[in-house]
Amino acid sequence: MEGKMIDENGLRIDGRKVDELRPIKIEAGVLKRADGSAYVEWGKNKVLAAVYGPRECHPRHLQDPSKALVQCKYNMIAFSVSDRKRPGPDRRSVEISKIISEALEYVVFTEYFPRTSVDVYIEILQANAGTRCAGLTAASVALADAGIPMKDMIPSVAVGKIDDQVVLDLCKEEDNYGQADLPIAVVPRTGDILLMQMDGHMTLDEFNKAMEYGFGACEKIYQLQKDALKRRYAVEDVEGLEEEAPREQQDMEG
Amino acid sequence: MARAIMSDIKRDHIHKLLSKGKRVDGRNWDEFRQITVETKYVESAEGSARVRLGNTDVLVGVKMQTGTPFEDTPDRGVLATNAELIPLASPTFEAGPPDEDSIELARVVDRGIRESEMIDLSALCITPKEEVWMCFVDVYVLDYDGNLFDASFLGAVAALKSAIVPAATFGKGENFPLPTKSTPISCTAVQIENSILLDPTLDEEKVADARLTVTTDENGDLRAMQKGLEGSLKLEQVRKIIETSQRLGKELRKLVG
Amino acid sequence: MEGKMIDENGLRIDGRKVDELRPIKIEAGVLKRADGSAYVEWGKNKVLAAVYGPRECHPRHLQDPSKALVQCKYNMIAFSVSDRKRPGPDRRSVEISKIISEALEYVVFTEYFPRTSVDVYIEILQANAGTRCAGLTAASVALADAGIPMKDMIPSVAVGKIDDQVVLDLCKEEDNYGQADLPIAVVPRTGDILLMQMDGHMTLDEFNKAMEYGFGACEKIYQLQKDALKRRYAVEDVEGLEEEAPREQQDMEG
Amino acid sequence: MARAIMSDIKRDHIHKLLSKGKRVDGRNWDEFRQITVETKYVESAEGSARVRLGNTDVLVGVKMQTGTPFEDTPDRGVLATNAELIPLASPTFEAGPPDEDSIELARVVDRGIRESEMIDLSALCITPKEEVWMCFVDVYVLDYDGNLFDASFLGAVAALKSAIVPAATFGKGENFPLPTKSTPISCTAVQIENSILLDPTLDEEKVADARLTVTTDENGDLRAMQKGLEGSLKLEQVRKIIETSQRLGKELRKLVG
Amino acid sequence: MEGKMIDENGLRIDGRKVDELRPIKIEAGVLKRADGSAYVEWGKNKVLAAVYGPRECHPRHLQDPSKALVQCKYNMIAFSVSDRKRPGPDRRSVEISKIISEALEYVVFTEYFPRTSVDVYIEILQANAGTRCAGLTAASVALADAGIPMKDMIPSVAVGKIDDQVVLDLCKEEDNYGQADLPIAVVPRTGDILLMQMDGHMTLDEFNKAMEYGFGACEKIYQLQKDALKRRYAVEDVEGLEEEAPREQQDMEG
Amino acid sequence: MARAIMSDIKRDHIHKLLSKGKRVDGRNWDEFRQITVETKYVESAEGSARVRLGNTDVLVGVKMQTGTPFEDTPDRGVLATNAELIPLASPTFEAGPPDEDSIELARVVDRGIRESEMIDLSALCITPKEEVWMCFVDVYVLDYDGNLFDASFLGAVAALKSAIVPAATFGKGENFPLPTKSTPISCTAVQIENSILLDPTLDEEKVADARLTVTTDENGDLRAMQKGLEGSLKLEQVRKIIETSQRLGKELRKLVG
């Protein structure tokens, strides 16, 4: 925790305010072979997501006769981090793949496609803290780009703590000396929390502040997601998606 | 997402009771099952604890040996946590390398210990950059009836608190108790049709929409959290679980003295 | 081979006579989820066995249309030995699993349950020499506890050699300096030898002495196995098992 | 031999056009698709390049670290090449360890770099027998529309030429550009019913009888070759591909300056 | 490249001329269990090849409803090389297995046996440069020995370059200091090139010289392959194979 | 337990002959098939032997290199034995890592060598605690017609007895023969419907109830045993097999000088 990470003006090492996001750029439909895809540049993070499906579920014994499976694989490529990462899943990426799959499953109308699999691949091309949130943000845009029926899009962001202050969206330098990290994913329309992890040290007050920052940021990211899809498709399609979703959601829970 | 299939009858029964504010085994929503903690269960381990949480049965052991520190923490010991969902414990557990469920379990237990700074890792340095103590925490599930997170975490904390660093065996002076600085406690709740239930049984886990594990320290401060399952939580539900965890943590902490 | 392991009174380092077993405690039905289970404490060994099945055989290509498969997995947990054992099967445990499976298959009426698998899991919680024998002893109690039709129970014990003498049931300290190790499993009623391995150095005379000790010990362990089941169930059930077995065995071989 | 299945209609269409000397996308038989090469795409790599060859999209990165030399080359750095056909890039790519297709790809790229002596491995020796620079070339296929060999090789060459040896990070003096001595170029052709086509698309690969990759240096000399697929080539066809590769190599080399 | 590898008389370290093969011995039908087999001794290389099939294809999802799969596994045994090779496939052997499979698939009438697999195993018992060529040479004899309908046999040889000269069939000592290596497989009757790899440094002129040597050598090896089969079977059978092959090939390509 | 399926006709035939005290190939119950042992078969190995036992064909090689001793035996060389049931040898052998059959085979061969103290491991120490010779025994089955235990063991013993420690290659002085102290021999028998048969063929193994391998030294003392298969043996049967093994061991020992 050497030196101060927030200066006397309340600005961070990259000039951001405590509740300010890094610059985020989202682009839908960036790959040719995938059924749907998205690219997210988030500060120095570069993330690619692709969706295939609904398609036959492999291995077969995982098939669910009542619904589709959402199977996400999160992966950091070998040269996305300072020390070369050996290819293949490590324990961290297995855990992240699991919680992202669970979050995505909530918004996909899986009961429309029994016995199938919706496969989501997230590749971190360049990593700079917050990759699981950038990955989940990209993945839900890729799902929409693939035309998969969804209740809603999922924005995600991490809130952290440095210099005893709650701050939004840590970059790598901040993360290295951070006191806490709290990634969340929240559907703005409903306030549904779909992903939440935390490690470090936070009081309940700090948690509340973190939620304030995080919920606010998710609204902004949500808008960027929708804009990306609008740029890709005619406006009415996206609106249609929004109109339809709540009704279906009620059906599901009824 | 190896969520086992459950009969509709059982599911309806749980839902019906819940709608009247009741649980199948008669517990209150914020009540844990009976817990027993037996430390020093395995002599060959430096520390160990067998935890029974209702019908869930978990054995945790701590082994220590000397090794090289990580480059970025040259003066600190090494903690490694592993969890094994062995097929002895459940018809749904399969032999083989850790799957996503056991990896998540191990990592959540590990974060709770690491982030609460329970172990004084700097006291486990023998020679900076060269030699430190490595502390392996291995969780074995022996009987599976839900809430592995809390049973395993309680076992890990109890095993660590009872552990003796085997310095004599390694020619590093006299044995000494593993230096610990705090006693973190995790509490896990599930949300089922908007009801919050602490310490879910396996049947309750099977019908649950979402799960949240909250690890707190002696001050009630948050040290780790993990949300799971395909459902959602509202912010007020998260707050309710956090506050309940802070309250119950005080009681559970007494079990591991 | 430093010092003497047997003193002038013929007593061993833990005070036992050369043909004396360590204290053995057997308990049936100790686990809730398993179809059958047993716990064996044998000197400082602590062993848990669980049985699932008969159930669908995985992987399918192993299914036998004429009988059930008995598939045992013997495993030492990471902290059951002095140096932490990395989780996962090593070559030793693969071999032990194989020979225990073969022994168990002899007593199970496998032809009653074609295409299925009877899965037996042995976990060594604390190891102190003789774990394969303790494991097999526990496994057959667990099979009976699961209600699997069996010809008989299998007691097992190791005979060893230290200080040029044949001795029964080596403990770890003896095993470290032992000259030979000879684990066997014998069905007392029939004299059927179901497991036999040996390494070290033994003359034929010593082998004969070892068999004398081993067969005698198997009778004692067999009694402990039956007692454990009696404590768990009504007496007539166990007797019934004994009555029925020989007849079925003749059928099999007829 | 994971050759994907293709509809008869598509196959017939390709064959019919070929019989008239035409390709589906209108290219000449010896014409590459449009190529873009973007170096320094990934900051965390010592060198990197994203290559788009028509709809084929490949990202190559170079990472360097210090390590021990091989016993039989005690005064030379180490080169290791890996290729990942990640499932993001194609419905036919599967997750898991490298299969025979990705191993062949990696080894053909590796041979082209190694045998052309592109990297001055002797300049990557720090202390003979003890410490040398290890250079990892990782190829990731992002979008798969045929001719991975040339796209990957071009990416590897561009990434290596842009790479900086991170000496400062490892306390080995000042950073310096990775020393390279030549710029090899690979050209891949397929034979379809006795027609030769350079830079095949995925559809062309699917109907191809045989494939040949030829890697040449600035002098047009051969440095590596690899024949693939279950069909055959005549010697005159091999010569035609070699001569075309020598000719096209000069053009492609300009792309990686 | 220390010292000269070719002396003033144009002879190599083992006394061969630049375009001379090492002594080659081929024997068909050397194994009892395999459906077909062959042993090749080629200089100091010792190679065994076995064929099983056509038989059910495993894993099933690889089955091709229109033809048989030719699946070759090339393997060097642990003590076939100076430094012990750990058992199991490495990347080199995976690549070699692939290109040999592709070459063999060309000559097998795979469309006769849809959904099956023709499995070819090549074991290098002793390695001394040129093992992939010796392996492919052995494999096609083993296929013929197994009675698999084939268009033709495949001879294979490597051409190399040492002391700036193109030379045929490098031995290990030459290979260690070689400037280029160019393994090929050519069907003499048709001039079909089925395998071709190259690494090192060769001009186009050198390549042409290499092809001259290689094509000539393949004719000689082809004769040795036929002789081996003739020694194993009645002469008319082999002739029958030759007669029949071209016709079938035309059918295939017609 | 990959016991191959066998036709009922074949099974009945074996049983019927046995009931008359005969074997399918006309051998006596205690007779081995013809054995040839060819040492120094593979030049690249430090020692090797190809053993043909009837139609069973096994190749065993010994490779040696320097390495670090185990902590609990700092002044002794290291022996490691591996067996590969390669798919070339039988339609029932599958590619892949060693399965339970090959692991059992390797371990039984290893125990016979180790427990008979055949190799003088103390003579394989170069510098105590630091450097010792490591001796790898690799068994490859080339043709499988039963009784792999004895064919492999004979091959291992012959290969070891012919092995030369490659000290010169490793700069450790002059080459010397691998120091051996004894010549253990294993004999394997099966029990089929209470008949005992030595050296079973594959067909006999398939119908066997139980198997016993007995390894004896020059004195006829027991050094290792392994019972296998799902059937049982009576004590008198075990004694009969031991005594036969002692007797036959003397003959077989001559084959490996």
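Every chain is named by a letter (A, B, C, D, E and F) in the order it is written, and numbering of its residues begins at 1.
Everything below uses one rule, namely that contacts are C-beta pairs under 8 Å (C-beta built on N, C-alpha and C of every residue); 3 or more make two chains touch, one makes a residue touch a chain.
All of these numbers come straight from a predicted model, not from anything done at the bench.
Colleague: Moving only between chains that touch, what is the shortest number of steps from chain A to chain D?
Modeller: Tracing touching chains, the least step count from chain A to chain D comes to 1.
Colleague: Given the touch definition stated above, what is the smallest step count connecting chain B to chain D?
Modeller: 2
Colleague: How many degrees of rotation carry the C-alpha atoms of chain A onto those of chain E, rounded to the nearest 5?
Modeller: Going from chain A to chain E via C-alpha fit gives 120 degrees.
Colleague: Where the centre means the average of the CA atoms, what chain is farthest from chain C?
Modeller: So the farthest one, by centre of C-alpha atoms, is D.
Colleague: The A-D interface: which of D-E, C-F or E-F repeats it, judged by over half of the contact pairs being the same residue numbers?
Modeller: Checked against A-D: the matching pair is E-F.
Colleague: Quick check for the class: compute each chain's Cα centroid; which one is farthest from the centroid of chain E?
Modeller: For chain E, the chain whose C-alpha mean is farthest off is B.
Colleague: CA centre of chain B versus CA centre of chain C: separation in Å?
Modeller: 33
Colleague: Cα centroid separation between chain B and chain E, in whole Å?
Modeller: 58
Colleague: Mind checking the centre-to-centre distance between chain A and chain B? Centres are C-alpha means, answer in whole Å.
Modeller: The computed centroid separation for chain A versus chain B comes out at 27 Å.
Colleague: Enumerate the residues of chain F that touch no fewer than two other chains.
Modeller: Chain F, residues with two or more chain partners: 98.
Colleague: Touching at least two other chains at once: which residues of chain C meet that condition?
Modeller: Nothing qualifies.
Colleague: Chains as vertices, touching pairs as edges: which of line, ring, star, complete or other describes this one?
Modeller: Graph shape here is a ring: one loop, exactly two partners per chain.
Colleague: Let me make sure I follow the ring: beginning at chain D and going to chain E first, which chains come in turn?
Modeller: Cycle of chains, anchored at chain D and oriented toward chain E: D, E, F, C, B, A.
Colleague: In the complex of these two chains, what residues of chain C are touching chain B?
Modeller: Contact set of chain C toward chain B: 31-34, 44, 46, 48-50, 52, 55, 73, 75, 77-84, 87-88, 119, 121, 123, 125-127.
Colleague: For a test of understanding, state which residues of chain B touch chain A in their complex under the given definition.
Modeller: Per the stated touch rule, the residues are 1, 98, 100, 103-104, 106-107, 111, 114-115, 212, 217, 220-235, 238-239, 242-243, 246.
Colleague: Would you mind writing out the residues of chain A in touch with chain B in their complex?
Modeller: 69, 91-92, 94-95, 97-99, 101-103, 105-106, 180, 182, 187, 190-204, 207-208, 211, 215
Colleague: Can you list the chain D residues touching chain A in their complex?
Modeller: 41-46, 48, 55, 57, 59, 61-63, 65, 82, 84, 86-91, 95, 97-98, 136, 138, 140, 142-145
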